[in-house]
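Take a look at this one; I'll ask things after.
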Amino acid sequence: MKKIENIAVLTSGGDAPGMNAAIRAVVRAGIYNGLNVFGIRRGYDGLVHGDIIPMDAKSVANIIQRGGTVLKTARSDEFRTYEGRRQAFENIQKLGIDALVVIGGDGTFTGASKFIEEFDIPIIGIPGTIDNDLAGTDFTIGYDTAINTVVDAVDKIRDTAESHDRLFVVEVMGRDSGLIALRSGISTGAEAVLIPELEVDYDAIMKRLDKTRKNKSSRIIIVAEGDKEGGLVVAEKIQENFPHYDVRVSILGHIQRGGKPTCMDRVLASRLGVASVEALLEGRRGEMAGLICGQVQFTPFSKAIKHIDKINENLTRIVEILSL
Amino acid sequence: MKKIENIAVLTSGGDAPGMNAAIRAVVRAGIYNGLNVFGIRRGYDGLVHGDIIPMDAKSVANIIQRGGTVLKTARSDEFRTYEGRRQAFENIQKLGIDALVVIGGDGTFTGASKFIEEFDIPIIGIPGTIDNDLAGTDFTIGYDTAINTVVDAVDKIRDTAESHDRLFVVEVMGRDSGLIALRSGISTGAEAVLIPELEVDYDAIMKRLDKTRKNKSSRIIIVAEGDKEGGLVVAEKIQENFPHYDVRVSILGHIQRGGKPTCMDRVLASRLGVASVEALLEGRRGEMAGLICGQVQFTPFSKAIKHIDKINENLTRIVEILSL
Amino acid sequence: MKKIENIAVLTSGGDAPGMNAAIRAVVRAGIYNGLNVFGIRRGYDGLVHGDIIPMDAKSVANIIQRGGTVLKTARSDEFRTYEGRRQAFENIQKLGIDALVVIGGDGTFTGASKFIEEFDIPIIGIPGTIDNDLAGTDFTIGYDTAINTVVDAVDKIRDTAESHDRLFVVEVMGRDSGLIALRSGISTGAEAVLIPELEVDYDAIMKRLDKTRKNKSSRIIIVAEGDKEGGLVVAEKIQENFPHYDVRVSILGHIQRGGKPTCMDRVLASRLGVASVEALLEGRRGEMAGLICGQVQFTPFSKAIKHIDKINENLTRIVEILSL
Amino acid sequence: MKKIENIAVLTSGGDAPGMNAAIRAVVRAGIYNGLNVFGIRRGYDGLVHGDIIPMDAKSVANIIQRGGTVLKTARSDEFRTYEGRRQAFENIQKLGIDALVVIGGDGTFTGASKFIEEFDIPIIGIPGTIDNDLAGTDFTIGYDTAINTVVDAVDKIRDTAESHDRLFVVEVMGRDSGLIALRSGISTGAEAVLIPELEVDYDAIMKRLDKTRKNKSSRIIIVAEGDKEGGLVVAEKIQENFPHYDVRVSILGHIQRGGKPTCMDRVLASRLGVASVEALLEGRRGEMAGLICGQVQFTPFSKAIKHIDKINENLTRIVEILSL
């Protein structure tokens, strides 16, 4: 196996708070271990087009607290073609880059797997996505920040709901996963949480709304965007059932991706950034670094992207108990 | 004129951050001046239905920092009828209430005017609305908090816009007024701000977008909800004109009403709360207390609700200069 | 064993964000399980003096997002005496309270152990302390919020440090534990973190400061208050060694205890609140409910208070690697 | 008068949130008006040492929301000497710089006055200081952000004060000015506010504390750092007078300088930045741009630095009324 002397790092897929902390950790851990580190801009697209810059310790100073990604991220249709990947490999060879760290989600790791298969380049992945939908890590980078952003927004909505005795249906991110919805639902005292993983029992919801009415002047229903029906339909159904309720809808949208990363996301990103570099030096490749029960663990890309269902039945039960 | 010994306070219309600070100031200033103070719940609706509670200094402890209104607010169709107002007046007489302080916007003051006309009850108004659309005060209570909430949300959107080189159209509150849009637009470095008070010059916007392209990777366009076309249409037009742009829309919605009031809103509410009680004791009525150039001023309700246009041409000019 | 029909909940020791979420969960889980629930005010002091109030579902509405504790907390010298505990027991008997949930830290659980020993009353504990210094749970309630408050404060200090090319020594909470210091240090890109668990190697710190100078204009050193020397002394030593540095000290103090709980603290508090009630009903007693690797686990009080050292060597290593 | 073609901007004195927004506005307004713009790093020190860089529209992209100052700031003993200023003038001449915009406080403008006197260079000042202690503007840039930071911190302290029934003495910034103390005191419901501008009447404070005791479980006293005695002494006196109170002190310190600027500070900075460039082009010099009653006004440096007392007697009266 070739000795690793030059590595490069990129971010890909939807941006997530903490990606900058991960980039910083990769760059500094690389330098700490005597490597040269490059930054690839705009994800795989920058790899295909050679948009690659040298990074030093100073180039990542004062970014740990910034949302987004200083390396930018983008879709790359070209990297999905063999020709695109070939071009990417040539760019890597030109600069003498021996290994990659890719920060992103399942699409990122699928691309990386293909690239390893065809060009035998060592790659380690870091889970950077607000959706927390990867196997092999308890939490993905960005998830904790995103749910805190949701909680903060719903707290604000609660103020106005409480003042007007309103019921609010709040739609939060999570196309395939109800994790953001579930945790933010518990945290905001939601009456009900609708997620793609579970069939909605409207009868039960309507009964609960009716039953808990005397204890509450305001109510919040959290709906994951991946729910079959979406926030607007859910709101209509409730309004139909309880015509005298003052029902409103709020779709939180893109604010959920941005903002300063929380402490947890910064620590997670820092640990996985260091671990990914050390893993490359130890000869690992084709794996994602994750944190399981406080320990760094590695999981093959093929397993990590399997969206193993992390919905904890205990959490759904807690929503019900506490919505009294 | 009858000596004022008992007063009552209510909040009406859309809730605004700082209403609690205003309630607290009215209650404490009342007690400080030897009055009994009552709280009317759910605005004029509570007045009609006699939902009125005694308040003491302690009942408003620790609420200055809370969003929403502890007295709640509601629409009241009944108060719009003579019969409703007659009932309201009876409730007031029953409790010996001599005067009212009403916190709200133009609808609130219109109702108050009618009530004074018919039943000759002294009322002073406090401007509590996020829209800042009243004459007779530089700022309404809640406005400063709302624009800071918008700015905070757009800062988050900027993170993701910057990471993906996107153009975001962000729709903010302001049905009749572009003030939230204009100030938040300057504060977030928006490329353009579309407001109901001004005709949109799409040609100019498109030219500016094209011209400034090289200086910016992300762009933000702020649209007031009262704009003729709304955020979605604006986004479509831009997308049509620049098919290769990655254009997204975010409608901020109800989060803009909630949250902890800013220092400015708390001070404003505290000053106007004290002033409203002192005004009643000095024999004023039918007027709104406002702050103009740092001084408390009183404006008759009929003038206050005239939506005098506060759009400062300097501000629109500044958006243009700084969007280079 | 007597059937449990009436339970009471108290908070004790230093307040921690999330205590209200835990109270809410205990009250609602109690009601959900058909119990009557009482709230004891001001910790063990209220128990001794019979300051005990009935709680219903509504009494804990809209508190999940509030810092502090609505039941208040206090020191109780009397509860440390047998006579005090006897009085407490009488108060419990008078109201027919069969079991207690106590929310707090090691002092709280030590008191509870004594109380069980003498009066055989079932008690379950919930870890509520910002210090995260208890065995039997990965995190205590309040810890995640406190470190985020620290991180937010240090981010602000970084702005001014960066503008003036200054070195800041920031002292954070943690009398016996460096956990707040360590995680916030990683999160804020601190140059060094001084904690009570580890001997300070000043030589190494001075060397590192000198070596990394060219990469950084500002530097942050985090010192746990329990560190042998404290922030002021550390600052003096650095200033002596590098007379031309602009060294400043900031002691964060009490702001670290307050504020809205983070999502993580709310979920943790909600889960442990429900678990504590269910544990009492299952016959458990004298144990603390904790969360280990995402699963609720119970640990005898005697073990929980043993301050098992949670300092992760990996974390100290990461501070060093990333401070390049 | 020589035509102005090249201008430079610097920040000097203590950093203040919003300075970046002001720099951005100067740079872009300069370019908008066809000028070349330079940035001087580290205040007058950079002017003396020629640390001057060209700025374009892009160099100030995405900084409007950042605390601190990207141009950095520093003390300059050399600029206080004639020799230093002569060197500064040479650097300006070398680069063909025709005029300066200086952002800072009274020290900054005193230096500028001297420089104009000796070398006849057009300079316009922008008030950038958290202290709001300049005549000629209702508010200085950074003041609104700083008081909101204070309010946010005291809200957190209120949580813990309320939980423990404590009295907190909080010391806030303001060496010569009680404005931060006064406004944050009103905003946090402080019992009393001690400021350098007013003699402290301890008797009155003690009486009020005693009298209001039944209405409040927690109390906050705000002390400006410039107060004769400071927070620690005030706390001791209260403790002596009320030995059974649980009195604590918190000195907020440097967190008050940092953080994202509020909307108000960003708008203020943007307006004054544009105005300062336009003023130079109109032939103004030796004046500070300020905002009075919503209008841009210019005040000679000699008047601006006179610390005209802005303490509003109404505000001190409001603290008293509302502390019931």
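So that you can tell them apart, the chains are marked A, B, C and D in the order they are listed, and the count of residues begins at 1 in each.
Operating definition for what follows: contacts are C-beta pairs under 8 Å (C-beta built on N, C-alpha and C of every residue); 3 or more make two chains touch, one makes a residue touch a chain.
Note that the structure is predicted; figures quoted are calculated from it, not measured.
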- [ ] Treat touching chains as neighbours and tell me the shortest step distance from chain B to chain D.
- [x] 1
Open item on the list: If I average the CA coordinates per chain, which chain comes out farthest from chain A?
Closed with: D
TODO: Just give me the whole-number Å value for how far the CA centre of chain C lies from that of chain D.
DONE: 36
Task: Cα-centroid distance, chain A relative to chain D, in whole angstrom - done: 39
Open item on the list: Please output the residue numbers of chain A that touch at least 2 other chains, ranges allowed.
Closed with: 155, 158, 162, 217
Open item on the list: Applying that definition of touch, give me each pair of chains that meets it.
Closed with: A-B, A-C, B-D, C-D
Open item on the list: Going by the contact rule set out above, which residues of chain A touch chain B in the complex?
Closed with: 11, 14-15, 17, 19, 42, 66-69, 72-74, 149, 153, 155-160, 162-165, 168, 217, 248, 250-255, 257-259
TODO: Sort out for me which residues of chain A touch chain C in the complex.
DONE: 24-25, 28-29, 31-32, 56-58, 61-62, 64-65, 138, 144, 147-148, 150-151, 155, 158, 162, 183-184, 186-189, 212, 214-218, 260, 262-264, 266-267, 270-271, 274, 292-294, 296, 312, 314-315, 318, 321-322, 324
